[in-house]
Every structure is written in structure tokens, then in C-alpha cells.
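I am attaching a structure below and will ask some questions about it afterwards.
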Amino acid sequence: QDMDAVTLQLKWVTQAQFAGYYVAEDQGFYEEENLDVTIKAGGPDIAPEQVIAGGGADVIVTWMAAALAARERGVPLVNIAQPFSTGGLQLTCLKETGVESPEDFPGRTLGVWFFGNEYPFYAWMAQLGIDTDGADEEGVTVLKQAFNVDPLLQGQADCISTMTYNEYGQILDAGYTEEELVNFNYLEEGVGMLEDGLYVMEEDLEDEAFQDKMARFVRASMKGWKWAEENPEEAAQIVVDNDMTGAQTLEHQVYMMGEVAKLTEGSNGALDPEAYQQTVDTLLSAVSEENPAITEEPEGAWTHDITDEALEGGS
Amino acid sequence: MSPVISAKSLDLTFQTNDGPVHALKDVNLDVEKGEFVSFIGPSGCGKTTFLRCVAGLETPTGGTLTVNGMTPDEARRARAYGYVFQAAGLYPWRTIGGNIRLPLEIMGYSEAEKRKRVTDTLALVDLDGFEKKYPWQLSGGMQQRASIARALSFDAEILLMDEPFGALDEIVRDRLNEELLSLWARTEKTMLFVTHSIPEAVYLSTKIVVMSPRPGRISDVIDSPLPKERPLDIRDSREFIEIAHRVRDGLRAGMEAA
Amino acid sequence: MTDTAPLAAQGAGIGRSGRVALWARGFSHALLPVVTVVAALLAIWYLACIPMNASNSVLQAARADVAVSPESASDRRGMSGLALAVRNPGVAVAGAFDQDRARLPAPHQVAAELWAGTVGEPVTSNRSLIWHGWVTLSATLLGFVFGTVLGIALAVGIVHSRVMDMSVMPWAIVSQTVPIIAIAPMIIVVLYSVGIQGIVPKAIISAYLSFFPVVVGMVKGLRSPNGMDLDLMATYGATKVQTFWKLRLPSSMPYLFASLKIGIAASLIGAIVGELPTGASAGLGARLLAGSYYGQTEQIWAALFAAAILAALCVGLLGVIERALLGRMGMKT
Amino acid sequence: MTLVIFAFVLWAAAWALNAQLANGPGRNGAVTRLAVPLIFGATLLGMWELIVRGLDVPMVILPAPSVIAETFVARFGTLWEDFLQTFLKGALSGYVIGCLAAVGVAIVADRFAFLRRGLLPVGNFMAALPIVGTAPILVMWFGFDWESKAAVVVVMVFFPMLVNTVAGLADTGAMQRDLMRTYGASYWQGLVKLRLPAAMPFIFNGLKISTTLALIGAIVAEFFGSPIRGVGFRISTSVGQLALDMVWAEIVVAALAGTLFYGAIAALETRVTFWHPSHRS
Amino acid sequence: MSPVISAKSLDLTFQTNDGPVHALKDVNLDVEKGEFVSFIGPSGCGKTTFLRCVAGLETPTGGTLTVNGMTPDEARRARAYGYVFQAAGLYPWRTIGGNIRLPLEIMGYSEAEKRKRVTDTLALVDLDGFEKKYPWQLSGGMQQRASIARALSFDAEILLMDEPFGALDEIVRDRLNEELLSLWARTEKTMLFVTHSIPEAVYLSTKIVVMSPRPGRISDVIDSPLPKERPLDIRDSREFIEIAHRVRDGLRAGMEAA
């Protein structure tokens, strides 16, 4: 019989950050649910929110801050599942530069990812009361960091953004040891935000068939995630096999899978409303010109309907 | 017999950025069938302009001009004439044969007819065997003959030639002059021929039109008493030198009047 | 032949055939300077590796407990590579040419990476530069065809219609000042949403960059017949269409090829730019980007050189076609 | 749907009007020369507006020109700051350095035939390369601020400029060169009085090509790391924020800057190479 | 008095891709101070090549050549001659005045001297008032006069002219010929003049060198018995026609021998 087609748009290039989906595809979990899933890799300038608004995808992986911002701009995204229960974003500094705590930031150059990743950073700086328009006694110089660790290695920044599961590993690979580095984890600083959730368009959800399709999709995806957590080596291999650039190394993907597993661990896919509220509060605490994520409390930005149905059907 | 070409008080003024240029003023001329008419005069006196009017490439601003009893434009569409430019102007991407075939293609001749005419006209200008060559593989004189062949191929009654030998050296020029005369004698076409060279004009023509500039007009029309048969050394004859003298005087008078 | 070349004449060297002599002269005239310049560039490259990679060489030496100066890492921070190399010449030279994440990989490292990516991998592998090159090339060629057709069509319109000449030409120039990289992601997303994906969006970006030189060149070319050539057509009572096919088009050929060569280079840039920000998962642009993400400088350089070779091949091939075609058309180039 | 139909009616009407103007009595007047392209551009904008509204294209896919214009006015301060960063600091400085360096090298190459024969094929080869690809490397080398942008621009404009200048310096007639020899002129006299003036049309050709390259180079480089201002920075972050109106406003800035830059060089060219047949009135 | 220019068994062979071209073979010629020597011959016979050898622009492969007792190269550096090319070859980015000033700048004349000489030479060639114009704003004849002025401005003893009037029409050419003669009479320079035109050669020269091609050599040297004072209509005189005949015969003989 005909399978239901689903197109998933990822936030980033093929890597173990998205292992659950690739595993589900590879291990036939989607097929079991009668789904024909197309996974579209993303890239530094692909905004999944834009793709889904244009009809290029049924469901996307993105960060909650970006999704809420898009919602305010007229792309009514709804979180239907949250495989990542915690986040891996952090700011990593070299000890040799003398940064030990946030009090040392003024006068420094900090590397920040934009493209939807800047919201937690601005929220944090607002909380600390640090200006972001230039390095002096009160302020820091913000550098739009490309998605690599060069600024730190080349001495162009004192601290850079890293993900526990990716760039941090690259810094270690480059020869620095954990002792030589200082990490500020956004969650621990109280400005964490939910990462890598699954989002769909609100109007699509009104369709029963679509709801059902998504429930099956989430169920299969979560199965993929759990499989990946248990079989990190195989999962990494599946990711590498799906990487068309040929640039990923198995070694790095195994590392990444190990770290990602720590973030998905304990999630059954259902969004934790408290974590959602923390994300919203953090965003609202730092509304400004350069940080126009959201200006008011969103309504209906998430639902448990899909995960409820998924968990039911699965058990 | 009515004249092949008849110009009555022809006038042409170009509108340019620096104001109007009066290129032709009150030009009256009748050319009978089979005549060889040369136009001579200093640079800018309107020789080319007159030829272009006859060819329908330029539209006079006054007077009347008929070619074979039609307007020049009708005559152009009726392919009443062949035109030979100062430089050979062969298309470099076509062989000599291809260049001669060009007008035939445009006029829609049949394939067999095209082939025949190309062979014939090449023979006429003494270029047999060069059909497959490209223009740059030929000397300047041969190129010029090819361009004449191109104008002859579709057998128009009238041949308009604008300084066809201007770029050639004296010795080659002499030979081409001789050949042109014999061609004319054989085909009995009506020739309009522009030149800068007095000996050339005198040697070739049955009628020499001397023009003078600013505004361009005809200052003298000389009917040549020379016989139709003209060996090259006719140029040292008394009569020849006399006509040449008259032409030169006409030219000088025109210059001073201007 | 009355003139026989004296034995002492140039190129009559003993034991060499005339052909060899001619080749030798061609070599010393054309090839030798190029080889020299390339060799000089390579030498400069190798030399530059020393200061460029000095900070990493020194860092690694320090880790291996070799004495370096200055000793503390924070003192070294902010020092230029040249200064470090001068203060630690031995260490800097020793470490300059074989680093894993070199700031500037040495030529032989890049060559090895190129070799591994071309000969060392089956062409179907996603690690094969030939495969990635083909992905980029196919978008390049498709875009080039789009761009060329569009460019020629516009040029024909511009030459024959005054309105088009006056209204389209200025905007064609403006169009090239739009930073294509900025719209590249949007083109891709917009086409995505109407169901077009894969090679076509990249090709459209390529076409956007390559149509312009073709328009400019073809307008020039189609207008290149002089007054006399055009008048000749008029004396035959030729129609516009006949004039186009028999005069304008043939005489535009040299211009066309000159602009095609620029166009294909632009097209390649377009394909690579199209692969850069949009997460294309294959192609030389994607390789470049992936190399940048994971600090694999050798991979970046190898992709760059692969692109360079591709460009040279494309332009060279056009040159061959040009010579063959124009030669057959009897136009010497 | 009516709006879409109306868009095509607008197109037809404007084209008819332009045809009138372009072939009418004032066809060569300065007014017509300006009006025709402007009407054409305005028509395109009008159609864009009507089609976007008629088909209800989402803002995050393609904003209407009127929305872009609003944003342009409202955020002018930011746009201006970005313009200064990208254009004045990045593109212009790189353009000047790159062009000067290329002309310098070309003069040296012109002096030594051996060098010229070696450098010209290499330069031609390099000029055809996708040099934008060096952007990630140069950003790594020169840091994230405008210096790396300038470096990318230098590399991008250098080779087209070099090739053009070398060709230009060689583009003197044999007779013109012989004339210099009959005067027993020195190398430098020949350079200053003959070859440089003769090369000007070529040099300007290179300068014009380089204007667009410079802008593209500076913007592309910003995608690989930048301070938090600049056209490229704003475009990429605005796409992330789905502020497509801002993206387009930046594109307008880039197009305006590019057009003015090109226009300025073209105007300078007309003044300097007034003697060249293509510029004589 | 020793000759200003002296060539002894001069030989020049060009090495080309199609093999060597023997451009000059065994050329012997002495030119005395103040002579006006014309070179005439068919295309490719080596006229230009000989002039270029004298100018030090080409190096002979055999024989000896002295200019003012020096080698041609030394003479070139000593700025012993002015050279006028076939086309005017004015630099289009300089005004007429600027073009004439060019050699003066290179030779390092003072500002005042430059100004004076430009004014003087412009007057000499009848171009006063055109100093500020650009070359393309002048007619071909005026441009050619400006290029002569440029060669005269620094007052070299020798003037080498390679078909300076080749591109002009007969009437303008006549006038420039007259002017050139009077200039020569006034300044007593030594003139070497290449032409294709027999009347021009005869009209201007005190000595006519007829050359023939393949390989280029001198086939005849004719000393003119015409007086120094030459009105234009001397060209209809018996003597003139006789010399012209001899030149033509020489040319034809050379052609047939080749």
C-alpha cells in the first residue's frame, strides 16, 4: 500500500546531532510506521522556518528560540516533540587569556553564532548587564563566529561558542586539554533554551490524517533516538554513511554521538512545559533592538497531542 | 531610349550634431545604358553619397532620382544593381566561392544555378581555382576582383563601384583597370565608378563627372573622345593628357570656388 | 628556393631536426617563463608556511617539552608568526610542513590530498573529488547553458529593438551589482517551495552570473559588422532575418567565444557560491565549507585547486572549440 | 488573481509607452534616455508588488517592494552603518590596494618580457578561478574584521586588473613605439608618455569589472565571520530571524552602492579616456 | 664633404616562421647634405626597411651604414633625424600642441623653449590656431601636417619620411607636396622620402632611387635635372614626363626581373 510521505528539514548538515532520524530511516522504523521520510540536510544559511513556510517541508528540526521568533513573524510553528531534554550550547574560553568567570568578560572579544543562536547569548549578557557594542570597561566585542573554532585557535577571540558534542571536541582535537579551557554552559548560567525540537505548521495540525502521520513519525524518530543512544558506534556509522560531503570522520561522529546521547537521555519526546516556560521567560527578559526574538508571551506554541498519541500507540 | 539613371536637382542634407551638412546640391545627371561614368572630386564632395543615393542606401532630401524608371528603393529591392565598395569587404568566414554565393543565397537562387554562377563569375574575373580559398589567403588585388565577382554574380544591369582600387598599389591597379575595361566591353553593363585618380578616371570612362565640395555639386561633365579599345599606353597620348588636364583644371576650379 | 639557410643560422643546431628546434624555441619562449613563475610561487609558498604555521609548531613543541621562547602561552598569544619563527627557527622550520590543521598547508600536503581525493578514491565515493567536481560541474554546465541562451536571446533583442536596448541594458548592469550570495539561499528556498530542488537552483545562480558577460559580448559582436558589411546586405535587399544569419551571427563568433570563456568561469563561481551557504551536501563548494567547519585546511585547499583545475579545463575546452570552429569558419584567432 | 492580471496589463502598458518614447521624436534626448530605463524598472517593481499581493506570497518568502521601502526608511541608520563597514572599510580599501598592486606588478612585468610571458598565462588562469573560495582561508588568516574582507577583495580584483593592465601596456601600435625610439626616449619616458596613457582604456575596463567583484568579495567574506555589522552580516542574521524585508533592504543597499561605484568609475573613465574612439561624441 | 648617409653593400634578412625573408640585398647609396632623395618601388621591395635601418630601428645583417659618420643607433640617440610615418600616428590623448611638444619633453627642452618651438613649427606647417585641438578633430591632411611638424620641432638635420601622404587624396597631396618643397628649400634639411607615386617622386626629388623586390635591391638611381624652384605645372613639362617615363620603365623592369 502507499506510504505516507514526510519531508524533514534539518537545521544543520548531516551529523550525529540528528542521528535519531537517520537511524530511524536506516533501521526501517519509519517504514514500519508506513512512512516514506525524506531527510533534507540544512546548512548555515538555510532557515528551516523559511523552508516550512514555503511548503518545502512537513516538519522541521530547530531551536525553540528561532521557532518562537518565527511564530511572532507570522509563521505559526508548533512544537510537537522535544527529543533533546537539555541543551549543549556553551561558551568556551582559553584559560591563558585570563577569563575565569563572567566578571572577566568586559573588554573581551566573544565569538557568537547568529542565525537564531544569538538569542540566548543576548539574554545572558542582558542578565549580566554587559554591553555588546564594543570592548571597554563595561562591554564586549561580539564577533559573528563562523561555524568553526578558528577564532579561538588563531587567537582572534577570547571565548567562542561551542556545542558540547561538536566544536568542543574539535578544540580538544586541536591539542588543548580540558584543563586549559573554561566552559560556561548556558543552562547552568540560567539562560538555557530548548534545542533541537520538532515543529510543524499550526494549520497542518488541524488535519487528522496529518496528526496521525506526525504521531507515527515522532514514535519512529524516538525509537531511532533510543536505538542511537544504545548503539553509538553503529549510529555514528549510519550518520557517516548518510553524509554526502564525505567530510565527516567516524571518530568525530562517535564522539558526537556520545555527547548527544547525554542530551537526549531521559526524553520520551514529550516537551517539558517548565523548560518551555524557562525558554520563554529568558527570551522575554532581554527584548532589545538587536535581539528581537519575541516581544510577548506566545500562545499555542506547543502541544502534547502528538506525543501523547505516539506514546500511546507505542506502548 | 530613356536614361538608366536620371537625377534631377538632387539635394541631400545630413543632420549631424554639429548642424546640417549639405552633401549634395542641385545635382543633375543622366546616364545612358552601357555608359562608363566616372566620378572624381576631392574628399567630401559627395561622390559616395551620390552613389549611395542611386543604390537606395541614402534618401535624398530634395529632387528626383530614378533608376530604370523606378525609385532607387524599388530598384534595390528589384536587385537592379551590384555594388562594389572601396575595400573588398569580403566576409572572412566565407570562402571566395561562399562570398560570391552570398547574394545568390539571399536572392533564393536554386542550388544548381548558384553553383553555375559562382563558377562562371570566378572565371570572368580570372579567379578559377580559388573558390575554396579564404579571403586572407589572397592578395589585395585578388580580393578586390573577388568582390567584383560578387557584385557581378547575380547579373545586375548596373554596376556601382566606390573607389574599388583605392587601396591597391599602382601596378596592380593598372592591371585591374585593364581587366575592368575588358569586362565592361564584354558585358555592356552600365558602370558608375568613383575614383580619386585622374589617370584612372580618364583611362576608364566614356563620361567623367567632376565634383566639388561644400556643398557637393557637379562642376563639370566631360565626354571622353577616347575609343572603346584602350591599351595601357594610351595614357601617354596627346588626347589623354588633354582630357586629364581638363579634369585637373575642373578640380582646381572647384576647389578655389569652395 | 634560392635562399638556403646558412648552417650558422638561428635554429639550425647540429643534431636537431627543425621541428625539435622549433619546439625548443617555443619552450624557451612560452613554457620556460611560466614554469619559472610557477616555481617561484611554489618557493614563496613553502617559505610562507614557516611563519604562518609557527604558532602551532611552537605550541606543539612546547607540549612535547621542547624549550621554546617565550615560554608561557599567554606571552606567545598576540605575537606574530614571523616573530615566533625568528625566535624559534629550528622548531618553526621543523613543524612547518606536516601539520594536521595547518594554517597554511604545504604544497605537497595539498598535492597529497588532491591525489588521495582523485586517484585514491573510487569516483563514486563521496570522498572523491572527481565525484564532487562532477556535481559542481553539472550545475555549472546547466547554468552555463541557461545563461548563454538567455544572454544570446537578450542580446538579439537588444540589437534589434531600441526599447529593449534602452530599458534592459542598464538593469542588466544593475543586476550584477546585487550580491548573489545574498539571494542564493533565498533562490534555493523559494524554488524549494515550488518543488524545484537539486541541481536546478544552483544552475539558476550560475546562469545569473554567466548571462551578463554573454549579453555584453554578444551585443558587441552582433553590432560588430561595419557599415559597409551591412550596406552590402542592403544592396541585396536582404531581410533582417537573412542579415542576422548571414552577417551578424557569423561576425559575432569571436566575441561570443571571448564572453563564453568569462561566462563559464562566472558560472563555476555561481555553482560554488550556490553550494556554500545553502547546505548543498555535495560539490566542491560543500567540500570547501565542510573543510572550514572541521578545520581541515588541506581539504579547503584541495577543493580550491580542484575548482581551479575545473575552471582551467572548461576554459581550455572552450578555447579548443573556438579554434576549431573559428578555424573552420576561416577566422584566425 | 485580478492583481496578477493587472500586473501583466501594467507590463503591456509600460512597454507600449516605452516603445513610443524610444522610437518617438525625442529618441535621443537625455530625458528619454533616463525615462525609458526608469519606467522599465518601475514596471518591474509594480509587477512584483502586484504579484506578491495577488498570490499572497508569505512575507518570509518574498516581501513586497512597499514593505522593503518602509524598512529601508525605518532602519536607515543600521543600513548606513552596514554600508560603511562593508563598502568603505572592506570593499573600497581592498579595491584600492588590489588595483594599485596589480598595476604595479603589471608595470614590472611589462619591463621584463620574461616575467610578462610567465606571469600573463598564470594571471589569466587565476583570473578565471573561483577566488571567492579563498574567503574562509583569508578570514582565518586576517581575522574577522574588515581586514580579511579587504584581503578577499585584493585577491579577487588583483588578477583581472593585472591581466587588463598588462594587455593595455602592450596595446601600443608598432608605429607609436617606434616614434618613441626615434626620439631616443628612455624606458620611463616611454612608459609615462606612451604606454600608460595607451593602457588607460584597458585599465578602466579592469577597474569597472573589479567594482562588482569587490562588492561580492566583501559580502561573501562576511559570511565566514564578521563583527556584528556589515551588509553580509545583516543579510545572514536577518535570514535567520526571518526578517526578509531587512534582507532585501540590504540587497538594495548593495545594489545602490554597486551601481554608484560602477557609475563613478565609468564617469571617471569618460573623463580620462575621452580620446578613445568609443568615447568621442 | 663626406656624405650624410652612406650605405655599403647593406644586407638585411628577416627570420620569420615561414623561413628567412631577404628584405635588402647589396644596397649601396650615398646621400649628400641637403639632398632630397625619393625611394620608389612596388610593395615589399624594402623601402620602409631601408629607412628603418637608417633610423636605427632595424639592424642590418650585413654591410655597413653610417649616418653623420656615426652608426645609426648612435645617430638615433643623438637625435640626428626626425621620422614621419605613413599614417600620422599622433597620440590621440594629446592635443596637436601636446603632440608636437612630445619630442621636446623627451629631449628635455626648457619650458619657454618648448612653447616657442611649438608655436613656430605650427606656423611652419600652417596650423596656427589648432594647438588646442585633438587629432581626431582634424582632417587627415591636417593630421599629416601636424605629424610633420612633430618631426620638425626639434630641428634635426635629417628628415626621414615613409609615405607621409599615402592616405591623402590627390589634391590635398599636391598642396602638401608644394609646401614640403618650400620647407625643404628654406631649411636645407636632408630628406629621405618613400612614395608609391611616380609623379610625387619626380616632382619632389633631386635624386630618385628605384627599388625592386625579392630580394629588395636598388635597380636604378636617377639624378633629377629639374631646377630647385618647381611650380606645380612643371609636371606637364617635357623633362618631367621623361623622368617619369624612366622611373616607370625602371619599375617595370624590376618587376619582371623578380
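What to note about this one:
The first chain written gets the first letter, and so on, giving A, B, C, D and E; residue counts start at 1 in each chain.
In this text, a residue touches a chain if its C-beta (ideal position, glycine included) is under 8 Å from a C-beta of that chain, and two chains touch if they have at least 3 such contacts.
Only a predicted model underlies this, so the values are computations on that prediction, with no experimental measurement involved.
Separation of subunit A from subunit B in touch steps, taking the shortest path, is 2. Any chain that touches subunit A and also touches subunit D is listed here: C.
Look at where the CA atoms of subunit A average out and do the same for subunit C: the two points lie 37 Å apart. Work out the mean CA point of subunit C and of subunit D, and you get 19 Å between them. With centres defined as mean CA coordinates, subunit E is found 85 Å away from subunit A.
Centroid to centroid, with C-alpha atoms defining each point, subunit B and subunit D lie 50 Å apart.
In subunit A, the residues that reach two or more other chains under the touch definition are 44-45, 47, 50, 53-54, 146, 150, 154. None of the residues of subunit B touches two or more other chains.
Multi-chain contact residues of subunit D, defined as those touching 2 or more other chains: 61, 136, 140-141, 223-224, 236, 239, 244.
Those residues of subunit C whose C-beta lies close enough to touch subunit B in the complex are 228-229, 231-238, 242, 246-247, 250-251, 253, 326, 329-332.
Looking at the complex, you find that subunit B touches subunit E at residues 42-43, 169-171, 196-198, 236, 241, 245, 251-252, 255.
Remark: subunit C residues 55, 59-60, 63, 72-74, 77-78, 101, 103, 125-128, 132, 184-185, 188-190, 192-193, 197, 277-282, 286-287, 289-296, 299 touch subunit A in the complex. Subunit D meets subunit C in the complex at residues 15, 18-19, 22-23, 27, 32-33, 36-37, 39-41, 44, 61-62, 114-119, 121-122, 125, 127-130, 132-134, 136-137, 140-141, 211-212, 215-216, 219-220, 223-224, 231-232, 235-236, 239, 244, 247, 250-251, 254-255, 257-259, 261-262.
Of all the residues in subunit D, the ones that touch subunit E in their complex are 173, 175-176, 178-185, 189, 193-194, 197-198, 200, 273, 275-277, 280.
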